[in-house]
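Input: one structure, supplied below.
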Amino acid sequence: MEIEKGKTAKYLKEKRPVPKEVTEQLKSFTKTKKAMLEALKEEHKTVPELAIELNMPKDEVVYQLMSLMKYGLIEPDGIDDMDEYFYYKIKENGKN
Amino acid sequence: MKETKKILEYDALVVGGGIAGGESALNLANLGYKVLLVEKDLTIGGKMIMLSKVFPTLDCAACITTPKVSEIARHQNITIFTGAEVKRINKLGEHRFEVDVLQKPRYVNVADCTGCQMCEEVCPVSVSDEYQYGMVGRKAAYIPFSIASPRAAAIDIENCTLCGACERACPTKCIDFTQTEEEFLVKAKSVVVATGFNLFDPLKIPRYGYGSQKNIITSMQMERQLAPTRPFNTILRPGDGKMPDNIAYVLCTGSRDKSVGNPICSQVCCMYSIKQAQLLMGALPMADITIYYLHIRAFGKGFNEFYAQAQDMGVEFIKGKVGKITEKENGNLILRYEDIEAGVVKEAEHDMVVLSVGILPNQGISDVFENEKLELDPFNFVQQSDMLASPAKTSIEGVFVAGTASGPMDIPDSILSGGAASAETTSYLRRETV
Amino acid sequence: MARINPEFTDELKKYGAFDPNACYNCGNCTAVCTLSDEDNSFPRKMVRYSVLGLESEIQASLDPWLCYYCGECSSTCPREANPGELMMSLRRWLTAKYDWTGFSGLLYKSLIASITGFLLLALVVILFGFSMEFRMNDLLHYGHYFEVGAIALVASIILLPNIVRMWYQTVKKPGSNAGLKTYFKCFGELVVHMFTQKRALGCDDNQLRWFEHLVLVLGYLSLLFTTVFLDWFSTGSDFIIFLGYFESALIFVVTFDFVRRRIQKDQEVSKHSHPSDWFFVIWLFFMGLFSFMVRLFIDLNILEQNMWLYILQLIVLVQWALLIVPFGKWTHFLYRSFAMYFQKIKLSAS
Amino acid sequence: MNKKIGVYICHCGGNISDYVDVEKVRQSVEKDEGVFLSKTTMFACADSNQQEMVDDIKAQDLDGIVVASCSPKLHLVTFRAVAERAGLNKYNYVHANIREQVSWAHSDNKPGATEKAIQIVKSAIAKARNAETLEPVKVESVKAVAVIGAGVAGMRAAIELAEAGSEVFLVEREFFVGGRVSQWDELCITPETGKELVTRLYDEVMKHKHVTLFTGAELSEQTGSVGNFSLKVKITPRHFKLQCAEGSLQKAIEVCPVEVPDEFNFNITTRKAIYHNYPSEYPQLPAIDMKNCTRCGECEKVCSSIDFSQKEEAINLKVGSILLATGFDPYEPKQGEFGYGEIDDVVTLPQFKRIVHYCKDKLTYKGKEVKNIAYIYCVGSRQVDGENKYCSRYCCTSNIHTAITVKKKYKNIHNFHFNRGIRTYGKAEVWYEESSRLGDIYLQSFEHDPPVVERREGQTFVKIKDLLTSNKELEVAADLVVLVTGMVPRKDNSIGSLLKIPKGRDKFFNEIHMKLRPVETVIDGVTIAGASQGPKNIMESMNSALAAATKSFSLVASGELALEPTVAKVDRAACTWCGKCAEACPFNAIDMVGGNGNSVAHVNSSVCKGCGMCLPVCPENALELIGLSDVDMENMIDALIPTA
Amino acid sequence: MNVGKVNNGPKILVFSTEKISDPAIDMAGLLKLHYPPTVYTIPVPCSSAIKPRWILHALEQGFDGVFIAADGTDCPYGESCTEKTGVIVGTTQQLMREKGIDPARLKMAAICSVCSEPFVKHVKSFTEYLSKPSN
């Protein structure tokens, strides 16, 4: 059986269906990502600010925010007056 | 349609590609022996490559590991299997070992991958990154970390939605979902076990609240926060992203503690905690660091001086084991301990707590030996059969042990032990030809 | 300058201590103990004193009485040194030290001595019954006198002097200069702790155990009151009769549960049982059970045919009153309450 | 020729970039003459970056490379290998040290450090512009290794080297092998005794025909260098022809009138001038200690094996590598240190072990039964005021093990450990626990408040303010006080100075790099093993001995070595042969060639070590070091001066 | 002096030796013993290989001082090293006098492989000396 290079995912999908949790997980991440980017659209925010706005636990915000930073969508933007929390904003020229 | 097993032949099989296994492999290869290095992870370099800097010289771990790793990777006498597992080792006779190695599919053709990260960029999935000890996410198509070797992408098939975006984005068309598990039959004349260690899981001490109290992290997580390839780009509390300014270290978490089943000392926690404290003082000049200890085991060359240096820098050392940790509303943590010098129970507030977790054996290796038993010591590390005269020998002739597989030790000792294992292997191999 | 006595732990082991020498002084036990605070940090200090054999420091301390033995320190001890059991042993050792007669020490250290004591008393009661020709009315009569007399004697000759000795060792000798006013002011502490043992509530996850203890103490004290002062076995009042039934039932139900736990050893606190612990719960159980049955037999009017039951009840009662109450574990209840009182006095004075 | 140079400036993951503005450095040098490309990189030494450099060199046809990163001691070799892989001669690679000598040294001053880094990189570029293509000098390597010291580490290394296929000369200064380990009874990791281990290793050594053992032998001269060392070994005679019969030896010892302190027993006993340390000692041939012998001749009368005519010999050895396993000395407490030398009941741990060895059913010292033993830890280690700041590593475990042995061997022993925080690391923790459970009492002192030993009313007391009992003053009446002494370097450092081995802050022999090259020294071809490098237990010594053997063997295995081509070169046109250079050369590498008024100096490049001592003495400035010419030096100096 | 530059102190050129004093200077960095960033190091194999003309060149081109971190008795090439380096210093100082350069602008001290602190002390006091207005 010859499989075309670059289109092999389909081949595996037939043999091995994607579990439901995986697609659910993807959906939830996509949703969080969208909400987070939306929240940062207007102005930079800190983790506690985002947590209130997104109604999400702070540790979850840190995790997701740092992931998005790693993926190059978000960057830090200075620190608050108390030197406690960083502000984060959407990365300019980010691969969004 | 199962293919017949490929048969490979080597002078030595090294199980585990950390620094001890790497050192053994390199020494053997330099003497002209053909070596197969089997690593279950996607990259060689072991735990050391993940570290920030190393005590007591404060060299960056990567600066020491990466050149070694690239020397190993490039050596013509060394073949490396990453993402592969040793399933069974059978001793047929002296200098005759038969080994089943299972190469798991990476779904990426490593030779063609340039490490450009285009697949990573387009992959829509985000899951917890085990190389950052769960502090951030990673994609399902990913390169483990920037100094990994091989620096090639891999597909995490468990979490992949098989959307195919990576394949389309890959400029060299190296992603290949048709890959399947491959089995090899390896005929080796000798075996070096360098399977390293596991870290203690602090969930086993519920009164510390690790897991539910988010500003408590393990020392390995702090190590990642301090490393150049760090997840947060600075030191932050994972609970709310605040910059900590009062950090506590809880030593002997899971070591010297019979109530969690590990009576021995892990030998490195005191020193790595002191090292991290020194690094934190550099990274957060305003921060207070307190180390709660039982006995400071600063025993190696230059260690005691390093400990004195930390005291001079202002790191606070308090003798007393932390009994429990409770969280306050603002995420700060209350540590309850007895200040042994004062003989009084006290409570102290810190905004971040690092649990200096101990070293536990990586026991699985003894199970793969089939017809001869690889003996373990009372603590489930590989038993050294002649500890005094030949520390690398095990209960099986021709099988040698290197590094932390035989017990807790620091990096210099692991490297020396790797050297010793390769020396013993050399003698064993020569005995065949003589 | 204190001199170290490495042989003290051997002595202490006779009182049930396990392996205090294994302690490497990490302080975990003190840190996990919810009853431990800045004024009284234990049990590590007591372990240390025991290992070093600093007897006078231990005698001067009230810490062993402040512990209610939840067992948390022992189950989390990294060296399995069992600090909780050490505290228990120190309570026994201290009881022996407070006791001027020296019987406490003898009974704690020697099981044979305890059994001999029990047998002797049983024999005395049987001989007494024999001399009375087992006449029910006389027996009931003298039995009642015995109860009143024993309480008065034990309290005045043994318990009171011992409490004074305890006071001297822990308050006076260490140099507390509390005035009489303080003693009065803090007196409430004694009453509260004696009747409620509320401090035990500070132990972790321990509500049930505290409740059982409370029920037991209240049940025991009121049964004592009911039998001795309301003369339960001879009264005609329905209320008092019912009260007595209720109290004695409570006692044997609760103590039955204690015995079950000591046998099953499912909790740290019940893992190690000294003979004195067994005597205490078993005799309490017997007291509850036999009192209940004696009154039942009286009410059914069959006691006279079953005189052995009353003799048995009397034996248990005599053993209880003359061995366990003055020299055994019962005193813990007393010393513990006084310890709380003295502690309050010491703190108020300083 | 206009060179195309690639410049790489390493962040070193923050080690450099935290204190040096690496981007500014890059910008400042990118326009320099010859610089074709300039990059900054997170880890220059990482595999992927190395690959990138190789690709750059190949794709851009670069003919010079500069990497500004850490000290060349760490990664010069790494980047030279990169150059070679890309087909570039490795001597066209120049290393700039901007970590140890810039970012770390000036972490207090970022602009200053950045400026210094710029000048250093410019200087390196200047050197790279003028760098020549060179070839390493190949020399033959003798397939033999000298192992100095026949303690357990030395013997183990010798066995390993012989098994690997090298000729081995095992040189021991004493008359007997085994070193310190032969002095101990039961060792702590296994129940084996020191003597048994020594016997086991000795038998193994003697089985190998490629090992030659010299006892009573001392290294007296050393010339040559890696691959080709010439050693002169002085051998002191034992004055015994053969093993004398047990009976007559016993008699000879009896009649010997000389009595000297027995160092084998740390001077707690005496021995005669004829001696062996213990009956089955190896080699099984007694010796006469001529330093103390009065030559009375009494022994000759009773034992025919004695031969006073034996003379000192000197032999020459040729080896490719030298492995040092010269061991340690136990710390000798100062007079009065914890009563040592002043109070009779105070001994050191090594002495105590020998006392225990000699006491059978009852522990006695100086005729008195011993029941309460006080051990004082960290004597000579972790000194607050003294010079030895280091921890001696083995003593806690060793002492606790001894205390357990004593407790089990004799009745009614009480052990009191006056320590400063027990350091039974790793699996040794179980000994600490066992000793505690056996009832040993541990007392801990504050760093600045050591225990005090005093004698009053005919009894020795040890006093301490115990940290574990809220600083309470406690006291023990001790029958014997054991000072747990640490390890110190050998008093006699003649070998160290002969071979020029550098020492660390702790005065033990120093390795090049604790992690990268843990058994090599800066002297090429000389490796170190065992406790000569720092305190170690037996297992750790064995590991280092085996690792050192591997390293030494790799230097001699192939019979050939490639050496640095940095040697002296004569400008024949300028040389007028005055002979001053030949005089200055410590290696006799320069001789005269030609004649008849045309004589010039000639450098034998396989002997020249490239030290350059000949350079400044030449009145005609006719000598230069290859790779460090006047032009190189002046270019580098010029580049270090900022040009506004 | 060099306008626009941040480092205005006297510039010192250090000749270190590859095996002995350069490791000590590296260790000074490792131990974060700070010294002025106007101190530059060029390693040579042995201090007795330094030609006087190099020293003169450095002083003439703009260095304010030259410091020779000599091997001392630890020199791996021979014990004559210290003596020979001494001769070089003597010769050079003579030449300096002839050229009207203060001979105190050349200094030498033995720096062993762990002499990080002495090294820092030397360069600091040398910097101080060179900073005096008279120089």
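Order of writing sets the chain letters: A, B, C, D and E. Residues in each chain are counted from 1.
Everything below uses one rule, namely that contacts are C-beta pairs under 8 Å (C-beta built on N, C-alpha and C of every residue); 3 or more make two chains touch, one makes a residue touch a chain.
Predicted model, so just to flag it, every value in this text is computed and none were measured.
Shared contacts of chain C and chain D, meaning chains that touch the two of them, come down to B. Of all chains, the one whose Cα centroid sits at the greatest distance from that of chain A is C.
Among all pairs of chains, B-D has the largest number of C-beta pairs in contact. Put simply, the chain nearest the middle, going by average C-alpha positions, is B. Averaging Cα atoms per chain gives one point for each, and the point farthest from that of chain B is the centre of C. Centroids of chain B and chain D (each the mean of its C-alpha atoms) stand 29 Å apart. If you average the Cα atoms of chain A and of chain E, the two centres end up 56 Å apart.
Taking each chain's centre as the average of its CA atoms, chain A and chain D sit 54 Å apart. Chain C and chain E have Cα centroids separated by 83 Å. In chain D, the residues that touch at least two other chains are 422, 433, 468-470, 504-505.
Among the residues of chain C, those in touch with two or more other chains are 24-25, 45, 79.
Across the interface of their complex, chain C is touched by residues 414, 416, 422, 432-433, 436-442, 463, 468-470, 472-477 of chain D. Interface residues of chain B, counted against chain D in their complex, comprise 27, 30-31, 53-54, 57, 59-60, 62-64, 66-70, 73-74, 115, 146-147, 149, 151, 227-229, 256, 263-267, 295-305, 308, 319, 340-343, 377, 379, 384, 387-392, 407-409, 411-413, 415-420, 422-424, 426-427, 430-431. The residues of chain E lying in touch with chain D in their complex are 2-7, 11, 13, 19-20, 22-23, 25-30, 32-38, 40-42, 44-46, 48-54, 57-58, 61-63, 74-78, 80-81, 84, 88, 91, 112-114. Residues 71, 73, 97, 99-109, 111-113, 115-116, 119-120, 123, 500, 502-505, 510, 522-523, 566, 584, 586-587, 609-613, 615-617, 621, 625, 628, 630, 633-634, 636-638, 640-642, 644 of chain D touch chain E in their complex. The touching residues of chain D, counted against chain B in their complex, run 11-15, 42-43, 45-48, 50, 70, 74-75, 78, 85, 152, 156, 160, 163-165, 187, 189-190, 192, 197, 200-201, 382, 389-391, 393, 421-430, 433, 467-471, 504-506, 508, 514-516, 518-519, 533-535, 538-540, 542-544, 546-551, 553-554, 557.
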